[in-house]
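Once you scroll down, you'll see the structures, which are given as structure tokens.
Note that subunit A is present in both complexes that follow, paired respectively with subunit B and with subunit C.
Entry: the complex of A and B
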């Protein structure tokens, strides 16, 4: 093995990372805890005189109906995205095992594009799809169905679909890798025993990929929790706050209404949820090793 | 046998239908970008023109925004590679106190959404005079990317066989020489992968520059495009052309990264023979 190297020498390698993370990651986390107890503002007299106001922001938050609505919206957005991405991601991964090699390659690439392309481009494509005179309504009209104003009537469904469209590739990759671990001999013998698809998935596949389902769900939750751009570009949180999730509300309060302290307090909700799910995630990921 | 073929036919058909649906939002983008009379719905172009691309590329604002995006993404990728390369090496090769808890903390940080930190970062940047600066954005984006990159880098390092290094060590090579001669060449695929992921992430990031930048001259492509979308009179032809020009580099990088990945696996045979 290596010569004995002193702890100090080993630590030198870590210094750049640790410094960067301490200043620009851990620092902001600590600051956000502190700022959430202040009246910090973007402009006006409070911008220069930062004052400690204790639990004022949190008290205000509890009685603020927009916060309550944002929490519900975030939950709906998260649950919808997790459900859609898991079903489609697993569905694609499962079908890819028995489809033609070329089909697998082409379809896989098409789905990946949505994931790799910049958020801005994806959001632009999706809002055009759902536009009043966009492609979706054009197709519906062709089928003799009169279209609706999607982004106005079903804004939440539209942003969830957009998010699923973008994120399915991520789940698909995870499930593809997990399905490789399903023991093929057991799968074959289940076929001989006459097990149908539902039984096969329930008794043989699900137990094998249980951990992947767990970690994937955690990661989708964490990713959608911080999702800002897609919703902001498609609906701006509207109409009348129907797609206002926590990051959108945080942005509006902090930068549009210039209540930075209150905006930080709102982001603390996301942070706490993130910490809880993050702990679950490392527990689940630790099991995989 | 017959049943199996029927099943395969159904699966293939379902897959193709799904893929066409998946393609629908993008199909519009491609058609509209070469259409002289592009609109918000999908239609066959009334003619093929490169005019949309030409006018996007001619604009000084757009040129600047692409350059800004390049600068940001390269900055983030390089910073991330330096930090995660050094740390990943030490974490992979050395026994250290608290190593496990450090790695768990890093993994935990990689799962936290960086967007929730944007308000305190904004305020911090005002104090540090880093607001409205591309350098500041690079530092913040690198910090939020680093936990994941570090984790990946450590795993890549773990897959480079230790005995190659030991052999070099026996031959009298020092640590730095070992890193340069053995670890770096074997690590190039992994490093490229981490760099490409950091680059793609920074290239696509909208929220961070949107909130932290004020001067239009510093806007990266994401924010410039957002400005165009917000305009009353949208030129769909030009905007779709912009989208393609903005999306293609990262799609290309992704393909490149995949090639590196497969090469990386074949290089694990370096210890044999």
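Entry: the complex of A and C
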């Protein structure tokens, strides 16, 4: 079937992508890896004498309680966001299948608002929603319930909700496309066989869209892992580090505490976490192929 | 096939994720909040290539977002430039930064580290001087100082000179302004609570009792306020150090040259803040730790909803200046400035921390002497110095009593009190590690105010300090 392509040609075709990868991916990663083994600093005597300090930064990380806390926060933020976005995205996509076209359009565009807004704007919207004298508390007050200082009392929940609000549209789009591929004849025959909604979703729909679920989950995971702006604007990682995820901690260590080398080491850790999840998803998705 | 796509996507997303957290160190992002103004005549771009030298001048513009040419430092610099005898040979480029102080320090550190971005002259907080000098970002000015009369004739306050000196004893900046700190009180609230108008607590306990009295007698009034933003120098100097320096053990032992960790005094200082939170003697943690904490305080103080606020003496400027967001007709009659008491009323009775700013010259500058000349021309432009102090509310570091408009400054309400506090002011540790240690200091107070255990917060702080300065440069005072 296939014509044999000569080895030389293969190499030529590969060169552009390899060069791009080297410049924009491998280069920065290697450089970061090197800096993470140094005492690089923003100011102070360390800034004038860059020194190789071996695994010092990584050793310090093990005993640093803020890193431990940040890893836990990152996982909570990620799991919360992935679960919320997947459930809501799938839920909306499924329900909208049987809706009238007009309803689909209206509901769809409302959900899309969060996604098309720039991160900055979305974060400010969410801040003003959860602020002490913000929209949410005003509504509660109107109902006779005294409000809570959301960003202070439930900061992690607030940022997760904000992230889910922003990301649901993306999942919804992915699931809408996937659900269109579910053969209607199988669905109908399952109905004749007496399958209820739960059974239909579990036995028919989920297996059909399994790969979309995987891809979608992986994309959300990686997007959430690197999420910075939303949390930074809403809580700044506070109160007292309760929403400090790895990217936030990296920024604070590098640019607020002036420890650039240490900050870079933390970013390497988040890279490793990302790669672990990535590999895990690829393995999981690959089984079916 | 799907597998390949997945791999590709993973790579793309990881790259995107990483580049998203990276910094953009080119000018693109920075230019959105800078707005450079060239001192040369309009439309004379070709002149740049001529014999004219050029100096760049970067500063934090705190005079309001839309100030631009009405910016306090802008006016001062341009007025000086217009009168400068070297005006015809030198072009001046002003680079104002509008934003938070913390972001400005980060930005300056990044720009100073590279020759292509380092400005010739820049506005430097005195607490950064030792660190930036150790990083070789600053040019020593000693060789030029001889030519400037005001330096040697006692016109510049000695303590301010010291604050602008590096750990190697060289001078790295010309102090431009200083300040003191105390408690601003709304006397109407004090009186309503049954305290006298000129009430002055002698110890922390008396201060806390006063707060309890306000809480009891004045419904809906917050007794006491301090700002406690996470990772902010203001939290360190305005809040924590004002309390800690009222005890025996300070941050840094100048005799041994070591940083104090796990000290009992530090713990009792943290407990002071814990008490204010636990007994609800201060605002809600969400407001106190907010970036806009001080704005809340100003509003509440003006509206009689707040008794006292512990902060810089420069603060009431926002009440005073017309058009400011907290304009308050009765501020002069209603406010009083209370010195912050020490823990037990000993050690001189009261405490004030003094900070301040300096003009520094970048070590990368090719026109160091010219830059120095311009700085001194600015400092000798006494009328503008006075105007600047009037506008920003800080205190002059140089004798300005011969300025024509000196009367306006000296007759200002509370000017006397604020200057008097300066007499026995304490200064932040003169150590290159302070700027880093300070960030952990503010994180520690913030965590206690947010409800964490003081002992645990102190332990975290101690660990962090050890990680920065090394265990051999600390002394454990718990033993």
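Everything that follows uses one rule, which is that the second predicted complex is superposed on the first by the 253 of 289 C-alpha atoms of A that agree within 3 Å, B and C clash if a C-alpha of one lies under 4 Å from a C-alpha of the other, contacts with A are read in each partner's own complex, and residues count from 1 in each chain.
We adopt the following convention: a residue touches a chain if its C-beta (ideal position, glycine included) is under 8 Å from a C-beta of that chain, and two chains touch if they have at least 3 such contacts.
All values reported here derive from a predicted model rather than from experimental measurement.
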| item | value |
| --- | --- |
| A:24 touches, of subunit B and subunit C: first, second, both or neither? | both |
| Touching partner for A:14 - first (subunit B), second (subunit C), both, neither | first |
| More subunit A residues in contact [subunit B versus subunit C] | B |
| First (subunit B), second (subunit C), both or neither touched by A:133 | first |
| First, second, both or neither for A:285, with subunit B first and subunit C second | both |
| Which of subunit B and subunit C A:79 touches, first, second, both or neither | neither |
| Partner chain in contact with A:222 - subunit B first, subunit C second, else both or neither | both |
| Which superposed partner A:274 touches (first subunit B, second subunit C, both, neither) | both |
| Touching partner for A:247 - first (subunit B), second (subunit C), both, neither | both |
| Partner chain(s) touched by A:87 [first = subunit B, second = subunit C, both, neither] | neither |
| Doubly contacted subunit A residues - partners subunit C and subunit B | 21, 24-25, 28-29, 218-219, 222-223, 225-226, 228, 247, 250-251, 255, 267, 270-271, 274-275, 278-279, 281-282, 285-286 |
| Contact set on subunit B toward subunit A in their complex | 7-8, 11-12, 14-16, 18-19, 22-26, 28-29, 39-42, 79, 82-84, 86-87, 89-91, 93-94, 96-97, 102, 104, 107-109, 111-124, 139-140, 142-144, 146-147, 150, 166, 169, 175, 200, 203-207, 210-211, 221-222, 225-226, 229, 236, 239, 243, 246-247, 250-251, 254 |
| Of subunit A, residues touching subunit C in the complex | 21, 24-25, 28-29, 41-48, 60, 63-66, 132, 149, 151-152, 211, 214-215, 218-219, 222-223, 225-226, 228, 236-242, 247, 250-252, 255-259, 267, 270-271, 274-275, 278-279, 281-282, 285-286, 289 |
| Touching residues (chain side subunit A, partner subunit B) in the complex | 1-2, 5, 7, 10-11, 13-14, 16-18, 20-21, 23-25, 27-29, 31-32, 35, 40, 92, 95-96, 98-100, 103-104, 106-107, 110-114, 116-122, 124-126, 128-129, 131, 133-135, 137-138, 165, 218-219, 222-223, 225-229, 232-233, 247, 250-251, 254-255, 260, 263-264, 267, 270-271, 274-275, 277-279, 281-282, 285-286 |
| Of all residues in subunit C, those that touch subunit A in their complex | 1-3, 6-7, 9-11, 13-23, 102, 106, 109-110, 113, 128, 131-132, 134-137, 230-231, 284-287, 289, 291, 432-433, 435-436, 439-440, 443, 446-447, 449-452, 460, 463, 467-468 |
